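In what follows, chain A forms one complex with chain B and a second complex with chain C.
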Partner chain A sequence: MSTESDETQSSLKTGAAAAQAAVAPAPFLGRMFNAENLTKVGSLILLTVLAIVPITVYLQSSFRVHVEGSQLGLTLANYVQTFTEPKILRAIWNTLVIAVGTAFFSSIVGVALAWFHARTDMPWRGALEPLTLIPFFLSSFLGAIAWWALAAPRIGILNRWMIDLFGVSTPPFNIYSMTGIIMVMALFYVPYMYLFTIGSLNRMDPALEESARVCGTGVLRTALRVTIPLSTPAILSGAIIIFVVSAGVFGVPTLLGPIARIDTLSTVIYVKMEEYPLDLGGAAAAGSVLMLIAVIGLYVQRKIVAPRSYVTVTGKGFRPNRVMLGNWKYAALALNLAYIIMAVVLPLGALFLASINRAWLGGFRWSQLSFYNWDFILFSYDYAMDAMKNSLMLGFVGGFMTVVLCTFLSMVILRGRNKKLSSVVDYVATLPIGVPGLVMGMAFLITWIKTPLYSFPLFLLMLAYMTRYLPYGLRTITAILQSLGAELEESSRVCGESFIGTIRKVTVPLLRPGIFAAYLMLFIMFIRELPVSALLATEDSTPMAVALYVISENEALGVVSAFALVQAFILLVGTILFRRLGNIEKLSV
Partner chain B sequence: MKKYGSSWLGMALAFAALVGLSGAAWAAEAPILKSLSGAEKARVAKLIAGAKKEGSFSWATNLAPVKAAKALEKDFKKYYGLPGVKFRFAMRKSGTLIKRFEQEIKANKLSVDVVVLAAASWLHSMIKRGNLMKYTSPEDKFFVPAAKAKMNAPGYWVADGQLNTMAVNRDLAGNVKLTSWFDLTNPKYAGKVLVGDSSRSETYTLWYMGLRRVLPKSYFVKLNAQNSGIMIRGSAQRRSLMAGEYWFGTTIMARHNWIAKKAGVNMSPIYPKEGTVALPIGAVIMAKAKHPNMAKLFVDYWRSVRGHHKMLEYNPLNSGRPLPPHKNPDINKFILADDGIAPPLDRINIIPIDWGKVGHDDVKKWRAEFNDVFSSAPRKN
Partner chain C sequence: MAEVVVTDLVKKFGTETLAVDNISFTVAEGEFVTLLGPSGCGKTTTLRCIAGLEIPDDGEISIGGELFTSGSKGVCLPPEKRHLGMVFQSYAIWPHMSVAENVAYGLQAQGASRNEARGKVDKALELVGLSGLGGRNATKLSGGQQQRVSLARAVAYNPRVLLFDEPLSNLDAKLRERMRLELVNLVKELKMTALYVTHDQAEAMVMSDRIIIMKDGRIQQVGDPHSTYNEPTNSFVADFIGVTNIIEGSAEEKNSGGLLVDVPKLSAKILCGAGLDREIGKGAKVLVTVRPEYIELHAPDSDGANRLEGVVDKAVYLGQSWDCLIRVGDTDLRVHVRGDEPIEPGKRVTMYILPERCVVLKD
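Take a look at the complex of A and B:
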């Protein structure tokens, strides 16, 4: 069978080469204005409207000093302040430590879990996958609140248990620390890495691993030397995105940082953006550091990934075999369960206990048992219900539009011959990731307030979400596309199928796991988005994240917890729905 | 045929009755007019007629929760005989609202008529730039306590107060007697005091600036040395005090004591003898408000006893005017009493601050001092 397949492929390739050779060299203008270049230029124009204009507004702000209601001439003062003020320099250092720590730990755990689920015979995989993804349904800010209830030195449930059970004199856990911040963030970013890598691992031809095993290489060594390196594009994409995004996270350091006097770039930006007169210039200059980190990350990724081939899906057929772990499968299961306990059971448990106590007095009290919080959220608070409807609309429709755009852009970037233009499209589409949400929201507001779109706040929110989260969808889909050999599409073209027909019949079906993973990721992110929504949403377009903020300001922890759990439930149902819609057994298969 | 004919007739009659009833509701004299006479009655009637033509109204605040806003809207519509006016409301952080409105003003696309905010520096800047409408409500003359504390901007707003003051979780601290800010430096309270993070919040910087007028820097040095915690968001401070992580807050707003009380935690404010900082809350009309008649009526209502009493049913507010007792005895006992959650400003020693003269340089100066004092983290938790 495989010999026949090889022969067919070989003859197809020969045919393709002959067809290429038969084409005479086109004149210069013909080469410039071909369909590929025009598509790429069109994509660049679209990205310019969506991303470049707001980012330019943002960057030009960094060269201005803003005073009451106006701005002064061009200056470098904001950058001078950013790179000379000790407090900001300390914040940059803290940010780097947190981002590196978060990316490192979430990558290790996320890749390990993805490998267990995609490539090994670890038991209970089907049941554990949705549980492993649950932390993704909560914002890291809610995670921080939950971990505050668990591990605050004086009142944390875990600390109290440890003191009561083991008689330790001082609380063993201190969530108000650099370690605490990194731990909370890493726990909540593991699903990002999982989603980034599982598609690529699932699509991998097991023959590569089997060859290694036949040569006498052990399971772990095969994973480290063959499987993981072949997933480098996905892992690097995930790690860089987690690094950049965690550098811009605001909620966790805001809640857990002050007691230990830990400032980060995001808290510096927050201060500059929240007072009057608004220091947009200072915030943009500080935010530029984050954008620089994103650009460097992308550059490094391209430098490492570009020169090598990561094609793992070719025209050859394969049977999806799993690596037999033997007794080690129980160790894998134990690691997965430990993660679920740390990232799901403990924080959601804390939120649940808080939700059934009328007041949270530092631990669950039977005397406080009450269903008031649930009754309030589910039956008495129209505002929360309206917000849920808005969020679902934004998540489903906006997520779909974004995933279509991301799929198109992925093909523009990875297929075709003009690599330089592809790189430009890739860089431009990835830039929004480096702009912190607070500053991005402001840039959108400044840009779009002058257009008629401002009268359509829900549509405006959708555009803002699309731009902000474009890089996430794009990285997920390009990572999968990178692992698909172009020969399948070329064969289709040689056999007479049109460009569109090839995309429809070959590329999209092969990309489907990645597309659904990206859609799900975007759906969840859209529902959780806060900083841009807070600025752009009106009363009629208020999404859940803004409602959650309003609730957290005006209600006790129990109500906040009940609403957070409702949000997590909606996202869990959404995930199941996505799996049904995609007609897929597992999330990314 | 006959059957369908009578159905259509019935529907037509019902529709006519509905139109008639709603028309009657619009046409009937508004309850407020019954209590007025002379020029004031004519003025309000004219505003009501104008408001009916405008048909809608938009306001925003960082203070009133959605429930309070809905209750105010309902009562206002009933009292002013404006059942058909469409209300739009947004509750956001003051910084978020300011950012949005500044851009809307620049783009000439203002979406709000009235803003109710505790953001004195922005409000004064808005006056300087001609962005606020001059309006003196008949209610303004009653805001004498706010005027004494220099919180008003006559012709633009009269102020209620946002007090960020000392609070104690009495379920944990018991009935300790606290009358002075210095009581918190008692060594037995070491590690139990929580301070708002002035290094990251303008509100708390202004609180620090105000308190420094009556307290020496050494007081705060001592607070920090006693292992005091610092936190940014008021909601986080509330959670912390309710859970017993800290016992005493120093920058707690009335709303947070109220939320704790509703949840059954005995958290109560203290108004120390040295004084308390009250940030002015101004209800102002934007110069380019699209619905000026509605805006004026709503500001009249907001500043009235009726408006204040309605607000107190849903959200505590330190009134800038003396208030008569509320019909609900619980509100009198828990909110309006001298030691209540939000007594009017005439019952509290407010530190006078000329808010019109407080600028960004002051914020920078006092923030730098706060950073200097609280730069080192507590040794133990």
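Take a look at the complex of A and C:
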């Protein structure tokens, strides 16, 4: 070739010789202390400080009895108390009933809706899908407030309607009940189940169903005997995750439970921590039980259910044929509409009506029409406005920092040549998924309360969010990174670009949609975050969800509704904004 | 200068699986060498070890006298310090860059200025026949064109050695055949050293100066296409490259014409003239391989060894030849007969094999 390429070659040679010289004197060190291993060890140290230290301090405190000013030695007293006190045993039972009920009902509705949308000719599918998914972007706590306005025995709109229109003598609905709690939570988790299953239903090879039809089974039997069983591992995985998450939910039972004296583990922990006398050890032990429920659930999901998934996706490109439902398609439509009415229209409508009435007596009155509540929340209630600022800060900045960390960690885990170290990083980064939010908040509180970090409460809260929700962001980004194929990066390395340069020039640009999807998800989670914040937030760092909780205890329903709608508005606008910016077309859980 | 030397290379996956089991070979400057073998034979792992994408467990790799990897000395240069070019099976074209940006990438990574890079990108695109497509979105191109972009990217910065990981296996048959020759011509024109990985024996035959045949992480045979085809050392190589008959027999006497092997299944004695570079005792069990096209249907008149009588069992017309199964004794022999004269099943035929076409295998 020409002289200029000879020049390149000679310069390459000297560069390579220099590199060799740098490696040669310390061969063993050269192998162990390269940039990749240092990065991996560095991430491990970071994760240890973020996750392992607080969890260890927390567990340790559950084995101590705290007497004013001093600590006794290790003891099982807290656990003995937890498993002997009838109130706590009842709370454990209630927690399990709520979690099982929520998982069961949201699975049934979610799977049915996913099947209607993915595989049948139900009308108006395109228009109904975004409406069906709206609860995914709101929060269960918001749903609880709305259903409180709808179905509280005396002031609930639905109860008033029934009494006024049909002359029923006693209020027919009572949201302050186990049924009420489970219904509110199940409504909220339906979209999760929908998203868990729609992907596999969409991609399932239609030949699997068609061959059942050719063999002589009808539409419904094919769905029940072939389609749904093939999705069973995916459905079970989703149901277990909903079970675990709903066992840790704090907002709904704390709002709807007290009147019917329904305690759950999370409300017990909260009361032990926030009310006099403080029972740190007891709260920690109850939290450990909650953590154990989560760990067992996730273990079953990961080790037993997930590995049994069927491979039903073939490489061929195809357009799935839809199942013709006949007249049943109107029944499907009715179910979907009923869901949207109960989960979206009624709650948001009730909140809206309540927010524009000066005084709320269980029904909208033109005579009471007023924008006082909105004016108050948006322009004169400092507490609410500070909370909004804090939450926006946590959502945008905290979400951004978490997404940066997740991107970085997913590359540390999936790329590079030291696979052993990668799997350790992966393991530690996934640990927080087994730690319920309330427990994580408590762990951060007792670990850092006596350190200077506690003087920056908003920052501490952000670190806790980051740690708690790390596994979710990480999973979104690793899924995309895995699908990218390592060759795109390997060819960059072979071309002469370094590990870091490759990340900057190849990996990150390709990951962009995934990064935005993760940012969106974390933004939503951070804006509505309640369990981590409930114990950890201070007066200066109160986020919106905590403020909403406090306001719901102290203010009239109109003010509460206006504030809840502000939160809903931020969540929905944020969602649209992120999806525009990141060109996100499909949602994933 | 760019000689590749691989010595005692070992790569394990997990604790059990030996992907590469202690192999050694060299690629001379300017040589085109192919690693050939079925999937899972360790050929791609070997290539990736050379590129620095896998860390070998033991052994040494050096190129042009520079040590890249050494188990005992604890050296392992990262891929970007090796100055190699690599073409991947999936093309690995970056979808967020144009064709020209893809090709310029390696040049810029190695410190070329913008202007310098532009000139070399144009030259590389011209070499692969994609002049003028630099501004296109690379992933919108056809498979063949993407493969050319990937090739241009690998040669643009004049790497010391070009590595190919099954680069043609995603292309359709016709295009694949054309690309084989183009690719070899380009590599030879640039006087580059190339190491090529494929599972396609025809590809290896067409392209390589030398072929290294691998199985289960070990090298089975090294040689040029002619010798690997005509003098396979074991039944795996004989069977993997081309089509062949492998027959069992026992050695009788050795004379100047070769080794006489008694084959009971053919009820005949075969005089073998190749694969005799080792001591074979009388009565030893041996395997003999004969390619179907070396079995001739018109035997010379003289009586004697390597003359077989048989009945046509099946015959399939392939265009340039007949692919026949001919029943001899207790077994069927695969025979390729040139020409288009019809061959009917049931026909009695006499066959003859030149002794030097009968190869005694080493297993």
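Some points to look at:
Assume the second predicted complex is superposed on the first by the 295 of 589 C-alpha atoms of A that agree within 3 Å, B and C clash if a C-alpha of one lies under 4 Å from a C-alpha of the other, contacts with A are read in each partner's own complex, and residues count from 1 in each chain.
The rule we apply is simple: a contact is a pair of C-beta atoms (placed from the backbone, for glycine too) under 8 Å apart; a residue touches a chain by one contact, two chains touch by 3 or more.
This is a predicted model, so every value here is computed, not measured.
When the two complexes are overlaid on their common chain A, residue A:459 makes contact with neither chain B nor chain C. Applying the stated contact rule after C-alpha superposition, one finds that A:383 touches chain B and leaves chain C untouched. Contacts of A:445 after superposition: chain B is touched, whereas chain C is not reached. In the superposition on chain A, A:104 makes contact with neither chain B nor chain C. Of the two partner chains placed around the shared chain by superposition, chain B is the only one that A:558 touches, whereas chain C remains out of contact. Number of chain A residues touched is higher for B, counting chain B against chain C. Shared-chain residue A:362: touches chain B; no touch with chain C.
Touch criterion met: A:176 reaches chain B, while chain C stays clear of it.
In the overlay built on the shared chain, the residue A:155 is in contact with chain B alone; chain C does not reach it.
Listed in rising order, the residues of chain A touching chain C in the complex are 1, 4-5, 8-9, 11-13, 15-17, 19-20, 23-24, 27-28, 30-31, 34, 417-418, 485, 487-488, 490-499, 501, 505-506, 509-510. Chain B meets chain A in the complex at residues 65-66, 88-93, 95-96, 98-100, 102-107, 109, 111, 119, 121-122, 125, 128-129, 171, 197, 199-202, 229-236, 238-239, 242-245, 255, 259-260, 262-265, 360, 363, 371, 374-378, 381. The part of chain A that touches chain B in the complex is made up of residues 68-69, 87, 145, 148-149, 152-155, 171, 174, 176, 254-255, 258-261, 263, 267, 270-271, 273-278, 358-362, 368, 383, 442, 445-446, 449-450, 454, 534-535, 538-540, 546, 550, 552-558. If you check the complex, the residues on chain C that touch chain A are 51-55, 64, 66-67, 70, 73-86, 88-90, 92, 94-96, 105-106, 109-112, 116, 120, 150, 153-154, 157-158, 160, 163, 190-191.
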